[in-house]
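In the two complexes that follow, subunit A is the common piece, with subunit B as its partner first and subunit C second.
== the complex of A and B ==
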């Protein structure tokens, strides 16, 4: 009997952040090789951070990702403040969380409307979607803009904010700076709720994943800090992160693959929601229930719903922080360099982002380790692809390829971040 | 992605953080209008529809760091009427150009367990080191207003307004109290290329040079002032060795 061989190829993944490809080989309908190829060229952040001043990682690591610079700045600040034994007063933590809400709103709106929704509407992009759904697209753009405005007011600019420093900020806004923002956010809350409602009407392909989920957990829904939570297995502290989450280097990728205790795991909106949904605001919880989300979300195609619910939460949370805002007496606290190791993490829009720095006696970075969410999700994405290919083996090449690309976009992968991502090549044989 | 008879626009990515091409998508108020005026032919981050060249305008983000990308930037140049380099990576090599002054093999061994899997050049270089570039938008990241003005200028056939002044000039014009004069905060505004609107001084921070050097920066006068305002020799080296490291090094080496 001759083997039946099938071959599909996508040179460059689109509507993802960064450069990647997919390599799939099928023999007699069975996927033999499923590789997410990340060919984004390496930029060596962890190497050139060595010798820099302990105050520099927030500005330098922001440049790993133009979509989630606040996540990099926050995890870096958390790690250095940890190393130096400094904790921030509650009002500066609140301002950091407010800035982070801005990034969540912007990044989620970007992914939901511009990168992900076109998949559900059979369109190549948001401009094409706008021909039939002009009002919805304008709503998405307004939502995204509200997030960016928040980042501009608190951070100075939306991409690579200038106002963040170890110990806090360079300057803090006055209550009257925040007033116009509150007005914009009240409109954004209506837009966020309408977004959940619109997406709830989409058709979601069936897929259930059983990866262990990893997310931060805190008294409030996790953003800027927290302790670790996981769906199976005992909790661990931040200093033990590297013992549990290990990165390995595979030949088909310039991104490192991370696993949790040796198995693929999942971080990001689905993990955060599953482990923390009871900490959403009443309105966000109500929206989740109305959209058909239960106590957990294990269908990656439905992650767009979770992002929409998280956007409702982030808008409300930003409004809450603004309402309670009192201008901090000082924009930052002093952070004196102290030799040692510090760990920091936060919930980037696409998942847990961990930083570790070793600081030497001269206040310089002696070693740096950064574990971004997409390198943690890469093994889970490859596992999902196998399931999607098995379920879709009767589809023609174009339809199966499109389904694979959708399975990848479910994770809002940030390839620029993970480089240390995809062209789809499917060889069926 | 849009009208077929309109001028075509392509957006390309090389080694970068995606932030400068994101600036196109951050034009929330103008994006739909822009799509009516230009045909967004290729923009992988935003659209699955990729139309082949030639293109009237190409926006190039990122620096050249692989042998494949050396070839790709030449192909893009051949396909493009006007080529605009956007952001510090594309205009100066970006922060990843710190490798140009280090041992890239050692860098690879620090980050990757299997350096043999990694194909990279020893240098990170701007587009202009490989092909003719028509316009450069400075900044890490670029300014959204400058991007929109440049696209509008190219649409109507005028020259883009890209002032070669300094951040210091922009700062004075916008009436911000000088952070150096008033508070002794070290600031790179006098030697840094304009374009950001003096964002850092507006936030009570000295400019950190993310738009790179201005046209004729007086480095010889600047550096003693930085020392006066509390920066050590190492501090001065580090503040210039960031997103525009290659250009600031050139300026500092001028006699």
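== the complex of A and C ==
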């Protein structure tokens, strides 16, 4: 019998953040190799953090990503404050959560409208979508702008906010600074609800994944902090994170692969929703139900719906915080350096972002570890791709390649974060 | 200076990256001296650039240029620029930004790019001497582009 070998190759995956490739080899219709090749050079953030002052990680690590800098700032602040034994007063935590809402709104709107929606509309890009769905694209841009405005007012600027520091902020807004934001957010809430309704009408390919899910969980839907929750195992404390989530080098990627107790796991919107949907606001829950989302979401193609529901939540939450806002008496609390180890995490738009820092007696960073969501999701993405390829093996090469790219974009992977872009190669033997 | 109707002058750049701040510096020099013209600075973010152009028939983009003599002031149309890739896969290039604007029915009728050659785009504030010296010429060129627009509008109305 002669082996049937099939090879497909795509030069560069588009509408993902960063540089990478996908290599697939099929023999007799069975995937033998499915590798997400991240070739973006390693960025060595953890190495050059060593020797820096304990106050510097929030600003330095924010530069890992232009889309989710607030996530890096927040996880870094949480870790340093943990190491130094400092807790923030509730009003500063609320302001940190408000800034984080801005990042979720901005990042989700960008991914949903500019990167992901074209997949469901048979369009190559947002420009083509805009020609057919002008009002919808205007809605997406308005949502993104509302998120940017929040980051400008709270964070000092929309991209790479500069107002965050260990212990709080450099300055805090007055209630009158926030008033125009509330007006903009009330319009954004209508846009967010219309977004859920529009996406609910999309056709979603069938795919069910059984990865264990990992997310923060808190009394409210998790953003800036919380305790760890998982779908198939007992909770664990933040200090135990590295005992459960381990990173390993794989030959085909410059990004580390992380597993949860040795198995692929999932973090991000689907995990957050599955583990926390009962903590959504009533309006966001209602929108989720109306869009056909159940108690859990295990079809990655439907993650766009979860992001839309989370956007509703983030807008509402921002409004709630603004309505209850009283200007903190102090913009920050004092954080004195002390030697030790601190752990911090938060829910970046793409999932759980963990930081750990060791601080020496001189207040310098002696060791740093950063585990971003895309590193955690890589093994799950490769697993999903195998399922997608098996289900679509009768498709021609172009259609199968397009489906593989869609499967990757379901996760809104940020390769720049994980190495801190994508060429697809499929070989059918 | 007489009013140029429906025009926006947008300085693009980052003033914390030395000469990359030449676009904002030109705009600062023009501000308050161009009645009827929207004058603002902007990061190279697509939605922000489109918002900055909102309602304007003419957009004049003032930006830093590499690969040319530092301080050299050039004028061209958007289509004269070589096709470029966006800085990030999460962003749009300048061409794509205005293509999106056209698809949304809110792109200016014409886009003129005034560029200034740069020497140093490293970290820090302040322009290098050759770029700083080119500011008056860049301001003069932007004013000339706006004046030409007024003449064209007047001719069309006549």
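Assume the second predicted complex is superposed on the first by the 427 of 429 C-alpha atoms of A that agree within 3 Å, B and C clash if a C-alpha of one lies under 4 Å from a C-alpha of the other, contacts with A are read in each partner's own complex, and residues count from 1 in each chain.
Going forward, a contact is a pair of C-beta atoms (placed from the backbone, for glycine too) under 8 Å apart; a residue touches a chain by one contact, two chains touch by 3 or more.
Quantities reported herein were computed from a predicted structural model and do not represent experimental measurements.
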_Please determine, from the superposition on subunit A, whether subunit B and subunit C clash or fit._
clash
*Should A:158 be classified as contacting the first partner (subunit B), the second (subunit C), both, or neither?*
both
*asked:* A:44 in the overlay: touching subunit B, subunit C, both, or neither? Say first, second, both or neither.
replied: first
*Can A:242 be said to touch subunit B (first), subunit C (second), both, or neither?*
neither
*Looking at the overlay, does A:56 come into contact with subunit B only (first), subunit C only (second), both, or neither?*
first
*Partner contacting more residues of subunit A (subunit B vs subunit C)*: B
*asked:* Quick one: is A:28 in contact with subunit B, with subunit C, with both, or with neither? Answer first, second, both or neither.
replied: neither
*Of the partners subunit B and subunit C, which touch A:231 in the superposed model: first, second, both, neither?*
neither
*Run through 114-122, 150-158, 168-176 or 222-230 for subunit B and report the one that clashes with subunit C in the overlay.*
150-158
*Residues of subunit A at both interfaces, subunit B in one complex, subunit C in the other*: 14-18, 66-67, 110, 114-115, 125-128, 130, 134, 137-138, 141, 144-145, 148, 158-159
*Mind pulling up the subunit A residues that touch subunit B in the complex?*
12-19, 40-48, 50, 52-53, 56, 59-60, 63-67, 69, 110, 114-115, 118, 124-128, 130, 134, 137-138, 141-142, 144-145, 148, 156-160, 162-163, 165, 169-171, 248-251, 254, 256, 331, 405, 414, 416, 420
_Sites on subunit B touched by subunit A in the complex_ = 1-2, 13-20, 22-23, 25-26, 28-29, 31-32, 35, 40, 43-50, 65-66, 69, 94-96, 98-99, 102, 104, 106-108, 110-114, 117-118, 120, 124, 140-141, 196, 199-200, 202-205, 208, 210, 235, 238, 242-243
*Sites on subunit C touched by subunit A in the complex*: 43, 45, 47-48, 50-51, 88-90, 92, 96, 99-100, 103-105
_Complex interface listing, subunit A residues touching subunit C_ = 14-18, 66-67, 110, 114-115, 125-128, 130-131, 134, 137-138, 141, 144-145, 148, 158-159, 421
